[in-house]
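Here come two complexes built around subunit A, the first alongside subunit B, the second alongside subunit C.
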Partner chain A sequence: MPEFGFSISKGRTIDFDLLDSARTAALEGDDSGLIKCMDCGTCTATCSAGAFSDFSIRKIHTMFRRGQYDGVAEALSKCMLCGKCTLVCPRSVNLRHAIIRMRQTLRTSVPDDDDLRHYLNVL
Partner chain B sequence: METISNNLHPTPPAHQRTLSASADQPEGLRPAFPAHQRYWNEYVKEIADDRYFYERSCIRQTFFPGSEAAFLKILRDELGKDIRDEVNQHTCTGIGYHSDIVPLETTMTIVARLFSLMTEAGYKNYVPSCVTSFGVFSEIVHKWEEQPALLEKTRELLFKATGREFEIPENIAHPSDIIYKFRNELKDKMKYRLVNRYTGRPLKVVDHIGCHYAKIFPEKGIGKAEFPHVLAGMVESWGGEVVDYPERRHCCGFGFRQYIIQENRGYSIANSKKKFESMEPYEPDFIVSNCPGCTMFLDKWQYVIAEMEHKTYDKEGYGIPSLTYEEMAGLLLGYDPWTLGLQLHQVQVEHLLDKIGIEYDPDDKYRAADGSLLPSPEKPNNLQV
Partner chain C sequence: MKHNIVIIGAGPSGIEAAHCLAVSGEHVTVFEKMEDPLENLRNKAFLFPDFTSASELTETFRTKLQHPYITYRGGTSITDMERMDGRWVLTTDRGEKIDTDDVILATGYRPFDASRKEELGYGIYNGVVTSLDMEKMLLRGRVVNSIGDLPSRVAFLQCVGSRDSKVGNNYCSKVCCITAAKQAVEVKKLLPEAEVFIFYMDLRMWGQGFEEIYRSSQQDYGIRYIRGRISEAAGTFDGKVQIKAEDTLTGLPMKMSTDLLVLMVGMEPSEGTRMLAGRCGICGEYGFARSENRHLYDNVTSREGLYLCGSCKRPMCLEDVISDARSAAMELLKSR
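For the complex of A and B:
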């Protein structure tokens, strides 16, 4: 192949035919109150793990809603479950609980993925 | 000058027909024309009848060297129109302007110089070959109308620099507008139709309108940005069938800021890829565009995608031919495909010519004007030729 000096950028389109809505529904059907989230980002701003890594609760929640799970399991492993996000949330979403539920959802949905299981079993 | 009226649009496009007048309206209150005709009147534009001043494109003469010559031949020989091909013309600065390399004042003064050439030659109807130029001229004239002080400043700058004066054109039309306007006259002169001679069915054509044609100033384009009919009208009049695929309105990815920097071209090609993937299930016979960049990218990116991902968007692996509207018109009028410059396209057109039944001599494909044979280009690894 000739050397073009660039590669084809991956599309950012969200294909609803490929979206795994069962995982999202399982997440929003629990008692964490995540459905009340207004994407203000206060959780991410106050996050201890976020201060030292690229961990972003807001981004993870957005990816979950879109059905985009690439890298989410690894990101979730960075949470220390300190609960500061839950304390500052203006909508009183129990984010600590929501993160545990996200981990559970991914763990049960992708049982054959060893790497994913490894990340989700951390902490 | 004549406004394209309903005489030339006896039937608006199908999507407009749903807006028809209410039949149960009392007769006295009923408008003189059905609602769909009144609504469609808002989507047409004024196009001059004759005496055009032509401005060539910077890049079209390189990538599609026969297109502009074909347009001039069609207007002069087929339609008997007066069109001036000025030898002293120059760039409109479009690429530099949209890349933030050329400042607005410079662009306005250069546009003014082009207008001064038109004024000097005694013409009032400006016809820029390039869609980007069409957008630049429409934008600058709009600015001058909104801010007369800018116009005066430009007049002063041009006079100080060159001693020239200019008048604003009475009419600015893209060449595709003019071909659209006279599409039915041309149809009567055509030797071929957009019909598959093996099946008897209309050829499936993807029409792609340049973004700067009607997305900047919707009222400047036939059908505005919502129902662009300039190419679809030609295709339908000449026997073809337009493919209405999901990403029909999507940009080809040419946007100057994307492709000028090599590292950004991955973003540019991703746009074309999105369109190819969207049109692929409809199995189009060819693509027709009215913008230099769109025609080039929708042609050459097929080669790059084939090299990078081993993917082509037709069944046989030849790719989907990408033509300009002048090439399409020229082919149907019986012009020689190699004189039109079709051998310079990345996706080869012989399969399309065979489908339409156009006669051509394969031995003349790479023959120079003096009769000598030029060397054949290197073959791609994955795209069939």
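For the complex of A and C:
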């Protein structure tokens, strides 16, 4: 069907009752310490990838922690694993490790995108 | 020589405790490592939440210290203390032995050394100062940038050395949030044209009158608050400081150049607190001294005849410290 740009938008409200945060639970008790995050944004401030693209690592891992996975896998593929976020984190979250773990967790959930699966496999 | 009560430290808490005991008829000796008492307070300009001039308090404490029952021993450090035959024996840095029944530890805090956060550029770029440097500028009534000109932009950063596990201090220093708001207002009073920003993670305006300063700083002085922690600072060719942060409320990374970056340094236990608490076996978390019970016995310790007051226990503001000193004096008198 041709796309005229007048379709009805999906509701923007996040319905916590419908969220399936099973993949987030997989990261709990993980040694990266991501659950200690207090959203100060220092990781995003120092992020090499974030300076030149719309990639915001704090937003992405916050979405992951909330159980909102839409677009998270694609976004995580932009990370170059330079590890600066891990150096600056005041809560000593090993974010570099957490990113790898998030990628591993989400890898299985993107079956029909070969490019993305390829990215996520390249750690 | 026999002393009844020794107080170690002549800051607000030590002097207040000494004065309470003196007016109750006790003879007290106060030891202070610096020649002059009140080192930290002397460098303050105005006090939150009512902008009282700090010199008012300094003068009051100086007068209290002159009570005839108080012996002041400035420029004398206590290098060791131990319990012997039911009494405390203190050693001074001159090798003198002081024998006393009771000791009140009022050894206080030291400001966090901002140069430990190398990425924030303190000691590297002249435009980066600490809240103590800012307070000294406010005391002189003149706030200047790295080349001595009036700054057109000033940015404050909260939680430097506090809530930061990278420097080993997970705790909140309690006074910095309101101090930054207070200093921002004072900067704006001196420099109405300047833009003033405060970068924060959470704002903890816990005390009476604090929220009002926060609101007034926005409403009457146009202070702008940005929720994001600064990851790094770099010097620019024209003597400014460029900072990077995430504006977490819009979700975008930002950079900003500023004439002054003010690091709100937290409170750590002073060297004296660390050393003496260690020697007495009452060393608590982060090197602060540990009281017997936070609720009921916050001025007594597991050691007989050893009392605590003030910020040797944890970060405290002046109001806390003064009440705590009075309660320490009361605890000591109760045991008599």
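Please note the rule applied: the second predicted complex is superposed on the first by the 102 of 123 C-alpha atoms of A that agree within 3 Å, B and C clash if a C-alpha of one lies under 4 Å from a C-alpha of the other, contacts with A are read in each partner's own complex, and residues count from 1 in each chain.
The definition used in the following text is that a residue touches a chain if its C-beta (ideal position, glycine included) is under 8 Å from a C-beta of that chain, and two chains touch if they have at least 3 such contacts.
These figures come from a predicted structure and were not determined experimentally.
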item: Contacts of A:D39 with subunit B and subunit C, given as first, second, both or neither; value: second
item: Contacts of A:H97 with subunit B and subunit C, given as first, second, both or neither; value: neither
item: Touched partner set for A:G50, first subunit B, second subunit C, both or neither; value: second
item: Comparing the two partners subunit B and subunit C, which touches a greater set of residues in subunit A; value: C
item: Partner chain(s) touched by A:T13 [first = subunit B, second = subunit C, both, neither]; value: first
item: Touching partner for A:G5 - first (subunit B), second (subunit C), both, neither; value: first
item: Footprint overlap on subunit A, comparing subunit B with subunit C; value: none
item: Contact set on subunit B toward subunit A in their complex; value: 262-267, 269-270, 273-274, 304-305, 307-309, 381
item: Complex contacts: residues of subunit A adjacent to subunit C; value: 38-47, 50-51, 56, 58-59, 88-92
item: Subunit C residues within the subunit A interface of the complex; value: 119, 159, 163-166, 201-202, 227-232, 244-248, 251-254
item: Subunit A residues touching subunit B - in the complex, by the definition given at the top; value: 1-2, 4-11, 13
